[in-house]
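Letters are used for the chains, namely A, B, C and D, taken in the order the chains are written, and counting of residues starts over at 1 for each.
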Amino acid sequence: MRQIKIDPVTRLEGHGKIDIFLDDDGEVANTYFQIPELRGFEQFCVGRPVEEMPRITTRICGVCPEAHHMAAVKACDAVFHVAVPPTAKKLRQLLYNVFFAGDHTTHFYALGGPDFVVGPDAPPAERNILGVVRKVGLEVGGKVIEMRKRTQEVIKTIGGKQTHQVTCLPGGISKGITEDERKQIEAHCSWFVEFGKFTLQIFDDIVLKNQKYVDLILSDAFTHRTYYMGLVDENNRVNFYDGRVRVVDPEGKEFAKYAPSEYLDNIAEHVESWTYLKFPFLKKVGWKGFVDGRESGVYRATPLSRLNAADGMPTPLAQAEYEKMYATLGGKPVHATLATHWARIIELLSAAEMALALARDPEITGTQIRTIPKETPTEGVGIVEAPRGTLTHHYVTDARGILTKVNLIVGTTNNYAPIAMSIQKAAKGLIKKGTEVTDGVLNTIEMAFRAYDPCFGCATHAFTGRSPLQVRIFDASGELLQSITRS
Amino acid sequence: MCGDETMARPTLALYWAASCGGCEIAVLDLHERILDVANAFDIVLWPVAMDFKYADIRKREDKSIDLCLFNGSIRNSENAEMARLLRAKSTTLVAFGSCSMEGGIPGLANLTTKQEILKFVYHDSPSTISTNGGIMPQTHTTMPEGEIEIPEMWETVKALDQVVEVDYYVPGCPPIPDQIWSVVEYILSGKPMPPRGSVLGAGTKTCCDECARKKEEKKLKEFFRPYEIETDPARCLLEQGIVCMGPATRDGCGALCPAANMPCRGCYGPPPNAVDQGAKMVSALSSVIDAHEPEEIERILDQIADPVGTFYRFSLAHSILRRVEKP
Amino acid sequence: MVTINIDGQHIEVVDDTTVLKAAEKAGIWIPTMCHCEYLEPYGVCRLCSVEVVRGKRSRIVTACNYPVRAGMTVHTNSPRVTWIRKLIMEMMLSRWPNVRVVHEMAEKLGVSAPRFPSLERDEAENACILCGMCVNMCNDVVRAGVLGFAHTGINREVVLPFGQKTDRCIVCGACAKVCPTGHIRMVLEDYKGKKPEYTLGPKTAISVPSLQAVPRVPVIDPASCIHLTTGGCEICATVCEPKAINYGMQDEVQEIEVGQILVATGFDIFDATAMAQYGYGTLDNVYSALEFEMLLNSTGPTGGKVLLKNGKEPRSVGIIHCIGSRDQNHHAYCSRVCCMYALKFAHLVHDRTKAAIYQFYIDMRAFGKGYEEFYTRLLDEGITMIRGKAAEVVEGSWPDNGERTLRIRCEDTLIGKFREIPVDMLVLCNAIEPRRDADRVRKLFSISKSPDGFFLERHPKLDPTSTTTDGVYIAGCAQGPKDIPDTVAQASAAAARILSLISRGEVEIDPVRATVQETYCSGCRICNNLCPYGAIEFLEDRKVSHVNEALCKGCGTCVAACPSSAMTGEGFTDAQILAELDGLMV
Amino acid sequence: MPFEPKIIGFLCNWCSYTGADLAGVSRIKSAPNVRIVRTMCSGRVDPAFVLKAFQLGADGVVVMGCHLGDCHYQEGNYKTVRRIPFLKRLVQQFGIDRRRLRLEWVSASEGDRFAEVVNEFTEEIRSLGPLKLYVHGELRGEKQRQMETERVVH
């Protein structure tokens, strides 16, 4: 049997393995996308003091610790039935929006974006940050690095550490900011806004001005008609830190809107024996397998989903871009998976605007940043939007605030089923009788992947070696035809 | 072949086993200096950022990688396999970050058992609905189309040096970028390396040395949990009754957490001569408790929540007892 | 100085002395019945009347208060003087026909019976003769001002204010002491809320603390000293020729720096009241060994005579061994000295009385040099040895004359009979026990005690005089019951140990010490309050802790406590102990 | 073969160690299961020593010191009286029955008590059975590996 060697899939955060089975006609019979790791935070956090969770769960993911830090501390607030002082809440939000801007930047320039910026046909070796720099000029590389640097600076100032933040604790935040720090942060934030505009400009110039890309985005191979989920504020605008979870159906109509504490009435998880990762679905619709449409409980929680689930963006510039996107892609909701890239950089801009507004808020330098919890701790749910999807932390404690039960539904997990479906669709679309699977095949699958910016490290809370995607192709007799491993 | 600078440059490999990726991010947080690293080294493996084949690593001569920064703990056979491979291929293997040095947060899984984890995640978890007869993930599953398998997770999380010989250690969760840089700089300077087994990128004292808070003689009758009180930002947290791991934690981080009004949790691991971080914390705390009567002592001890989970937050897998025994 | 002539003798005396004193100097006896050298002359009994001749004139005066004059002539036994004295004696006899002292004086003066009819009054032989010495003593010397005269003539008498007992009495007993007839007696009763102390005979306010005290210097008991109570008296000062009495002396605390200490704080004796069955403290004539020792002492209350409370000689004496020792209820150990002193008691009683002597013993322990011989010698002296511990002591009476006595009930294990033995006097051999404050002393020197409560030597066989604390030694009964030779031996040994160090002039200290490795110390200051010797100091400038080697005793508590393992304990390093564990567990 | 408990005893030099000595001098019989480590003061017993003892295969650990107030170093044992209960909680959380760790006061004169404690504790451990820890197997494995690598070297 011939072993096809292809450059490895990279820029995939997390561990994935795909088995593709062919029927007698050599058509794709089925695909299995497996997550082979599990960490078990839910179990080993039991017995820990609940207030430590914001510092423990950051270690679920070093790429987006802020998300877990926030979800955890919001769950803690709920556990202690404590209201957070306005200044503390604003500081948390400031930190969180800055993080969003930074994280989306990384994905767009280093992980997902290159597919577009450099082009899907370019050799994989080109499709990375360096390729982007080569394509759009050196100063971009500098800008991206500076963006990271500046965001990390702000995060360190408010979060105490740039990776694995520590300052959020039940009832508020342990440290305020001085006026000097605020000035610094404000300067950074206005820079972020500029960077956001600049990024959208690049997307405009390279992607939108290129009909071939637009067609690709809208092509059926990358389209799934699913439910969409996202946090919204009281005006149904996108909000990353706070609000109610809103779900819209494939037609874009509101299907559900619930408070974090009600998540169990709306979300359930399905188990398969061939993977460590569970498949969340809409409880009220039910699990119908790996199919889309309004009959299937499969939903998506991605930047695009958030935009689909909301009535608009909370900030002016982003709102304009929001309208532009839906105009260009033919109205809400947009089902084109690849449009997620666009939605992502609109969120980037929105986050930057939001951060700037908060940095200018007179209350932000306030000194009233803690409420000392007085009530007996019980149970609480904290939900934030992680860049990769809705993140839920659910804690139950004893009277001393020692955890007795922990449940986590992490950003990427929401999208496990859709990703599996996207892979199958791509595979079915590309692997026909007698086709030899080439780099193109895998690349297309990669593109389906990357749109979700999946982080399976997070998803299974698995400390997994980020070993690469592996595709194995079996014939009807179950014999291995091809194994395309990227080391 | 002189002239070919790629041959002249030392070869560098970065790998992540069971980790959260924070260590990688910390390396990226060198920001512009990352480019100096890229220039100084011939990077032969860095999955997160660049494209390489493991096959190429396998093909390499033994000891042909000059420096390997290995982060993440050892959670399953695959991690172990990579550890052995990179050990064989590298002249200098560095356990990079808390996880590979002492198990890190993943090591907390040693507080429970694989069975309990699986049972909760796929059975008892409130959001899990057993749509197909409460099955659990299996290493081997036969589907209509054929047999598929997934790796088996280990019962116990291990640190890197519990699997292979390690030359140096860089502590931290994650290591502070400036410390990473100082290590890189030192290695590039060509100065003689410290004795094998040394800890790089950290101090010889404890977190307290870097902590700016005022320290006085300690006598405690009450302990508090961080959320329970407002603390004086100028005074030692321990003196105010907050359990702070600073005294039993190696310095090097710059005491970031105390500076942010939060107690240290010990990510830089035990100090140079300490055998066991948790044990050290026990003797330290019991020494400052100001009570003689058994009843009062018990009352005070009751205020210290979850000793093992706190004192061994990062070092459980590498502690004297390594894991909690479950009947 | 003046010269006078008494009964033809020319003698020189100081001016303004009295005729009585002058006569005394001349060795001429003049009878007195109201005179006391410590009191101002009172001149009430008139017995000291003498005839003084100046020129042609002669007159009768009382010698006790008549001052001498240059060139005066005194006749103490002229017919006129004798006639007057007889007359006075006759009057006194008729007034106090029964009083002993009056009769004795009358005999001296050759008066047999009064010529006057006696007042038919039945006086006690120790009735008050109104000499007034008690009144003057109480008012002029003691200054308590309690006693005084009431009424006049035939009804005159010495009384307490309003005839009531008064709190103003300081119970000094001076009145009783001067009373010539014994009319005034000290009685034992609760007074001012204080129970009377059970002692052997009266104890003076100034006395030598113990009979064998060395140096034999008397001390004043400020609580009972009259002078310190009322400001009066000072009799001791007046009689002390070298003028050694100093009422102003105060207790003072002295601090003395020493390099070594020998703890020889001795022992207490077991309080026999804890064993009520032997009647100690409740029955008369039941003595503790130490009390009996006082009784036997020649300087003791009875001058060494073995007498009962009623002053009679006992017909029989019982001595019970092992009171509180060799007794599971009190002290399990043997006090070692009792058997021998009990034998000594028996010997002395045998020596000084005709009393029958009974010894009640469990085992005889005559372990020392010459002891066994002494034991056998006593058996020959006819001591009755009864093997068996006395059960109880009850009051009873002698079968023959019915006089009251004590009866000891016991089992004689040698003849296997129950016996009841009458004894007039009972001596209990109390156990030797650790001093009541032994624990405080022990902690003061941080030395240990053995289960029996006595101080513990460093090693029972190899190092019986030193303790676990360097420079602190023990000797004598503080370490355990022992007799004098053993005590002397142990004390000499301890002294030798001490001297050997002094002569060397330097001490070796254990190398076990804690030291801070500054490279690892981050100044968390957790160790700072751990050291009981204050050996750990914090160096503000260097922000590290430091151990003062001279003060450190090497316990290692700080070593275990140091969270950064910057503190190392030489001799017991972590590495050494862990290696030891490794070795032990293979 | 019947289970013979392996017990590590940390004895303070002044009281308990002397007490043990006295037990010997007085020919008092006591179980041979306790392997004694002498420290100057019970305050010197670093919790790490106790954990290490368990790691190396001790089925029980007993720490003996002077009675409270009798410490040769005045108050060393007052540190112990706080440390050991704390350590008991720790080992309990590690899944080791807290009865396997004991703190006892034995004075220099209590040879009989020393024997009593030793016998009694040995019997308790016997009834608790052998202590099985994950780390025991691990250490064996690591020793094995070392020996093998050494063999390779030679």
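Quick note on the criterion: a residue touches a chain if its C-beta (ideal position, glycine included) is under 8 Å from a C-beta of that chain, and two chains touch if they have at least 3 such contacts.
What you see is a predicted model, and the numbers here were worked out from it, not measured in a lab.
Novice: By Cα centroids, which chain is closest to the centre of the whole protein?
Specialist: Chain nearest the overall C-alpha centroid, as shown: D.
Novice: Averaging each chain's C-alpha atoms to get its centre, pick out the one most distant from chain A.
Specialist: C
Novice: Could you put a whole-Å number on the gap between the CA centroids of chain B and chain C?
Specialist: Computed from C-alpha means, the inter-chain centre distance equals 79 Å.
Novice: Which whole number of Å gives the spacing of the CA centres of chain A and chain D?
Specialist: Going by mean C-alpha positions, chain A sits 53 Å from chain D.
Novice: If you average the CA atoms of chain A and of chain B, how far apart do the two points sit, in angstrom?
Specialist: 25
Novice: Just how far, in Å, is the C-alpha centre of chain D from the one of chain B?
Specialist: Between these chains, centre-to-centre, one finds 32 Å.
Novice: Could you tell me which residues belong to chain A and also touch two or more other chains?
Specialist: none
Novice: So which bits of chain D are touching at least two other chains?
Specialist: In chain D, 46-48, 52, 79, 83 touch at least two other chains.
Novice: Listing for chain B: what residues touch at least two other chains?
Specialist: 274-275, 280, 283, 286-287, 306
Novice: Provide the full list of chain pairs in touch.
Specialist: A-B, B-C, B-D, C-D
Novice: Across the complex, what residues on chain C touch chain D?
Specialist: Contact set of chain C toward chain D: 443, 446, 448-451, 456, 460-461, 468-469, 512, 530, 532-533, 553-557, 559-561, 569, 571-572, 574, 577-578, 580-582, 584-585.
Novice: Can you list the residues on chain D that touch chain C in the complex?
Specialist: 6, 8, 14-15, 18, 22, 25, 35, 37, 39-41, 43-49, 52-53, 56-58, 66, 69-76, 79, 83, 107-110
Novice: In the complex of these two chains, what residues of chain D are touching chain B?
Specialist: Where chain D meets chain B, its residues are 46-48, 50-52, 54-55, 68, 78-79, 81-83, 85-87, 89-90, 93-96, 132-135, 138, 142.
Novice: Would you mind writing out the residues of chain B in touch with chain A in their complex?
Specialist: Touching chain A: residues 15-26, 28-29, 31-32, 34, 47-57, 72-73, 75-76, 78-79, 82, 99, 104-106, 108-112, 114, 116-118, 120-122, 125-132, 134-138, 141, 143-148, 150-151, 153, 173-174, 177, 225-230, 256-257, 259-262, 265, 305-306, 309-310, 313 of chain B.
Novice: Help me check something: in the complex, which residues belonging to chain C touch chain B?
Specialist: Residues 519-530, 543, 557, 560-566, 574, 578 of chain C touch chain B in their complex.
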